[in-house]
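Consider the two complexes below, in which chain A is the common component and chain B and chain C are the respective partners.
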Partner chain A sequence: MSAKTLAGSPLRGFKSILEGKYFAWILLAPSMILVVAFIFYPLYRGVYLSLTRTVLLEGPDSTFIGLENFRQMFRDSLFLLAAKNTLIFMVVGLITQLAVGLGAAMLLSQDRKYIGLIRVLVVLPWFTPPVVTAYMWRFILDQNSGVLIKMLEGVGISFGPAGLWSNPELAIYAVLFVDLWASYPFFMLFLLAAIQGIPKDMRESTAVDGANSWQHFRYVVLPLISPVIVVSSILGVIHLINSPTLVLLMTNGGPGDSTTVLPLLAFQIAFQSYDFGYSSAISVAVLAAIAGFAMVYIRFAKFGKED
Partner chain B sequence: MQNFIGNLSRRTLFKFSAVAGTLATLGTSASSAFAARVNKKGTGKMTYWNHFTGAPERAAFAETTEAFKKASPAIEADIQTVTNDDWMAKYIASTTAKSGPDAVMIDVTRFTDMLRIGGLRDITTYNKQWPGAASVAGDTPAFSFNRKVYGVPFFTFIDWTYYRKDFFEAAGIKKEPTTMAEFREAAIACTNPSKGQYGFAMRGGSGGGGFIVNALHAYNGSIMSPSFKATLTLDAAVEAMRFWVNLAVKDKAVVPTVATDGYAQIFSNFYQGKAAMVMHHGGSFIDVGKNLKYGSEVMTLARPKGPKDQFGFQAPLANGVFQHTKNPDAAFEYASFLGSPAAQTVFLKGTGYFPTSTAAASDKFIADNRQFDTAIASLASLPKTYTFPGLTAWRDLTCLPEFQKCLIGTQTPEGAAKIIVDRLNVVAKAAATANRKYYSDNRGK
Partner chain C sequence: MTALKKKRPVSYHLVNIGIGFLALFAILPIIWTFYTSLRTNVDINKFPTKFSFSNLSFDAYFGVWRDTNFPMLIKNSLIVSTMTVIISLALGTFAGYALSRSKFRGRQGVLLVYLAIRLVPGVLLLIPMYLFMNRLGLLDSYIGLTLAYTTFTLPATIWLMKGFFDSLPPDLENAARIDGCSRMGAMWRISIPLVLPGLAATGTLTAITAWNDVLFALLLTSSDRTRTWPVGLREMIGEFQLPWEALTATSILSLLPVVIGFALVGRKMVAGITAGSLKD
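And then the complex of A and B:
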């Protein structure tokens, strides 16, 4: 078909569409619709609800009350306690998971027999559903019949007759221990990939220069994997702040309110008190905290590309 | 005859036609009305949500589902279990999305909340046309509001106590405890910390909120008036909290892990001989019998009497139809099947849950079993449960945490009682407001 005949045919219009600026928008439209429907609209509803009084027992209608829910939040001692617990959960969880994940990655980066199989086995806890993890460890650490508790008692370590779960000071650390077991493989996978990306002859070079293993790790490995540490840490923090499943299933915030964390509090206020306005305000506050970390994440991701 | 017809004027003929037509119409209406007295048979797929996770309960459900398949072969029943922790979240999500199951289980303490949230369908007409309605009529009012029926009673939770007969004998207890004071004495007598044995496995952890409500009611009587005025006094609340907290903290007659012991832990302690008594309801009867021998090792016992009322409740459980179901006929057919004597008897024998059907309650399984004498006696003495909007949130988010704080020593019974009473007043005010709004929104519907 010659150019002349094409110019006069209906295909000409189609070609101009293909070449026009609107075609890009047509291609983007399905993705944009999905993003709007599943990200922006729920986000908008959440923020809107946080500015309303929406108590399902009074009916489905919402009454706009401005920032009242946020004012209530900072007067609520339970919210402040939950914020403190969330901070503990985040800081202790991040440090322990990163440390254990890094240690495991260093060990598993060595070329040994069956290393592939060992790597798979070590990652298994991360694949275990949180419900299974929670109930399994609730019993393993049970004062009356827990296997690990009995073993620790055998070597003279006791948590008293009330046990770990009934101790308001220790219960949150028991949950953190279980979260460590379940989540350190996440860090390990990230860091193992980063470590394996370091050329092996660098170790030979540092050895020639007289560096011992610690010096090689401190001055070569650590700087090279630091971008991955930062990125995985930020993702880990988002998980730690935003995931109430283990706390819900293992302690439900107890004993008393000693292990209540912000996402659990939001869940309880929404689905037990049916106060979706106040619950949304708490969720928006959590969202703001996570958004802060996400911004850091995006910044570091961009930094990585520039490198 | 011919003359008669021939003599008919057109006007007379019209009159006859009109009368005949009216009679025919009335006849058709009458036959339609007769037909409408029987519910339409359901067909197609029907999804049912329950919150039973115990092995005996699931086995009983499997058996009743098989029986339902035979009784209603045109309905494909899909029985789904939603855990108690997730129940309201999923129910609210389904109600908001107007898409979910066809039939749902209704725990009586959740009934008003589930109704206000809007996921329960008015089944008054279905219920009137169901021949089995009379058999469960005694418990139907617990699932009715504003003269509308929302649930078909399935069985009744009858609260009772299991006790280790061998422990009682070893402790020299000759008389079963019937009062709070006797219960305390028995618990103390059975306690021997050096052997790791305690008098009572108390539920202070997950699901323990109901235990606190039982305690408050036993010391106060009804804690909420029908017009949503809180009637719980501070004195009664303090006494109730003191009794149970002291039993654990001062008498040390309770398993020390009490503050976090849920269902699994209290029964594990009971089976392992760490506790002489455990409070639950008839639903664990078969399970207890699988672990301990009735008559020689374990017995059932009526709950002790408090200053104002017996400790515990008889609380029916029902099945209803989801508001947004596309298959209400099949949903009601299933709910009413579970309300039938046959299904209730299967559940009774599989779990121990006491039937709401008068016919099923006369089954030999109950009549010939000494342990069920406790249930029959309790039916006459245990208070009937009551509910109000916001009960479950107050129970689980105020009463239970405050009680736990007392058990771990970060709160006093007096301090906890004050918070519990104050919070109940707030809940009552909110319930009254919500009630007025609900009535005004639903007036004429």
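And then the complex of A and C:
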């Protein structure tokens, strides 16, 4: 039935659109408009801004300067330091969160009483507001009244007279520890879903063949969940270096610039010195780094599977 | 009596210890924060810590509620989170339904785009979003912040709702259609009531995302009129050097809605994190 035969009244025409092949697109349209307006358009503007000189204090105009912002990065020692910190953050963060997440997923995939409840409980840190996470751990790790610091001192581990947060070598690892608490459940959920997707009788058959638990894990479980490890790692890394929230709240880059990571630097340049062009360029560099990491990682993961 | 019980291997108990450790790692910091919020500042700074349950009070809670603008901040956050949930659920349900029920051309492409949006770094969007909102005159307004949160939560909402609709048997709707129900009517009267639990979980996930955010709230709000609690709390700590018991009390207060939502629909909600990423 075409619209023509029903074109008698405007209401009928509208109804026929709803019933017809555009039904899906009508339902999709509102969300698509929002996504285009508030994600794709800003994304495009962000990339454009990175090619301009736009300093809000000098006025609202932007001048096209090509790749000059990107050239400036390599002369900027703070950028290079932040890049190094970001690399540490990414590598250490990914390895620890993935390792703990995998271990937790193995443990929580076992059948136990109340395991469903515990699985949910363990994910609570992921949903805890970052502001609460940040201040709670600042308190627990506070030099003067932090319970964990006092306990560590009790067993002979101390972080010097100025404390953990004033130690430029250690502060970044303190943030990484807090991020581990908050973020490993993300990996755990992915890997738990993958492990639960493996048929239960698989273990019985490998046991008949004489495989011990480790061999079962290494040659059966690990290959089966490796695609999920890849996916969760990419999403995890994006989460790790995408959001400067925890660093911003816990150290704001300090002591010195020892915990300044690239997204935080971009944030500070944008909203403290209002250099929108250079800040956007740093964000584009982060995006490129994520894309590069994802491609190398996928290639590497595929390579590992072939042999 | 124990003869009936199978003897457990050592590994069984090791797993139990591991699970117990995970649970404690997750909640001990929160419990400690709650305990601290009930203590007096003198006790908090006394070492070694003496655990006692005398001298505990909710004074710090009354203090922050009475003497700071925390209630105002909470009100702003509640308004923005509620508006985000309503818009995001309305749009996400329609889109999720379309992607689940109609096999139109371009469907795979749309699904892929909504998945790929997760890869976009938020930091890159901050500046253009700020400029755009400025031009629309939406800076420092509830609606500006709501639009930003709605957009970020939409992809997850859509994927989740699609999943919930996928899991319904299609026969129900077919029967309604044969009985003369329109497509809209079939969606509205048959399918949506059946996905209400899923809708609740998705809504809670969305609410928590909006409730927790710091970065966008930091940029898009500038006055007490619209400022949400994470931004306000950050400022209060900077300005007044909040004593620990007040700081921990505000932390627990702002964590409370998250915990309640979590307790109600947590199990379904965690599915939202992996939605769309494990299949295809």
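Definition applied: the second predicted complex is superposed on the first by the 256 of 307 C-alpha atoms of A that agree within 3 Å, B and C clash if a C-alpha of one lies under 4 Å from a C-alpha of the other, contacts with A are read in each partner's own complex, and residues count from 1 in each chain.
By definition in this document, a residue touches a chain if its C-beta (ideal position, glycine included) is under 8 Å from a C-beta of that chain, and two chains touch if they have at least 3 such contacts.
Since we're looking at a predicted model, the values are computed, not measured.
*Asks:* After aligning the two structures on chain A, examine chain B and chain C and state clash or fit.
*Replies:* On the superposed model, which is not a single observed complex, chain B and chain C clash.
*Asks:* Applying the document's definition of touch, where does A:Asn69 land relative to chain B and chain C: first, second, both, or neither?
*Replies:* neither
*Asks:* In the superposed arrangement, does A:Asn85 touch chain B (first), chain C (second), both or neither?
*Replies:* Neither: A:Asn85 stays clear of chain B and chain C.
*Asks:* Check whether chain B or chain C contacts more residues of chain A in the superposed model.
*Replies:* Of the two chains, more chain A residues are contacted by C.
*Asks:* Looking at the overlay, what does A:Thr206 touch: chain B (first), chain C (second), both, or neither?
*Replies:* Neither chain B nor chain C is touched by A:Thr206.
*Asks:* Which of the two partners, first being chain B and second being chain C, lies in contact with A:Thr52: first, second, both, or neither?
*Replies:* It touches nothing on chain B or chain C.
*Asks:* Given the touch rule stated above, what does A:Thr251 touch, chain B (first), chain C (second), both, or neither?
*Replies:* first
*Asks:* Tell me which partner A:Ala266 touches in the superposition: chain B (first), chain C (second), both or neither.
*Replies:* In the superposition, A:Ala266 touches chain C alone.
*Asks:* Of the partners chain B and chain C, which touch A:Thr96 in the superposed model: first, second, both, neither?
*Replies:* Neither chain B nor chain C is touched by A:Thr96.
*Asks:* Give one of first, second, both or neither to describe whether A:Asn144 is in contact with chain B, with chain C, with both, or with none.
*Replies:* After superposition on chain A, A:Asn144 lies in contact with both partners, chain B and chain C.
*Asks:* Figure out whether A:Val231 sits in contact with chain B (first) or chain C (second), or with both, or with neither.
*Replies:* second
*Asks:* Of the listed stretches 4-12, 22-30, 94-102 or 310-318, mark the one in chain B with C-alpha atoms clashing against chain C.
*Replies:* Clashing stretch: 94-102.
*Asks:* What is the shared patch of chain A, the residues that chain B and chain C both contact?
*Replies:* Residues common to the chain A contacts of chain C and of chain B are 144-145, 248-249, 267, 270-271, listed in rising order.
*Asks:* Which of the residues in chain A come into contact with chain B in the complex?
*Replies:* 55-60, 142-145, 160-163, 165-168, 171, 248-249, 251-258, 267-268, 270-274
*Asks:* Across the complex, what residues on chain C touch chain A?
*Replies:* It comes out as residues 11, 15-16, 18-19, 22-23, 25-27, 29-30, 32-33, 36, 44-45, 47-49, 91-92, 94-95, 97-99, 101-102, 104, 107, 110, 113-114, 117-129, 131-132, 147-148, 150-151, 154-155, 158, 182-184, 208, 211-212, 214-215, 219, 229-230, 233-234, 237, 244, 247-248, 251, 254-255, 258-259, 262, 266-267, 270, 273-274, 277-278.
*Asks:* Which residues of chain A touch chain C in the complex?
*Replies:* Touch list, chain A to chain C: 15, 18-19, 21, 23-25, 27-28, 30-32, 34-35, 37-39, 41-47, 49, 103-104, 107-108, 110, 112, 115-116, 118-132, 135-137, 139-140, 144-145, 147, 150, 181, 185-186, 189-190, 193-194, 213, 228, 231-232, 234-235, 238, 241-245, 248-249, 263, 266-267, 270-271, 276, 279-280, 283-284, 286-287, 290-291, 294.
*Asks:* Residues of chain B touching chain A in their complex?
*Replies:* Chain B residues touching chain A: 85, 88-89, 92, 96, 113, 116-118, 193, 204-206, 255-260, 265, 268-269, 272, 274, 389-390, 392-393, 396-397, 400-402, 404-405, 407-408, 410-411, 430-431, 433-434, 437-438, 441.
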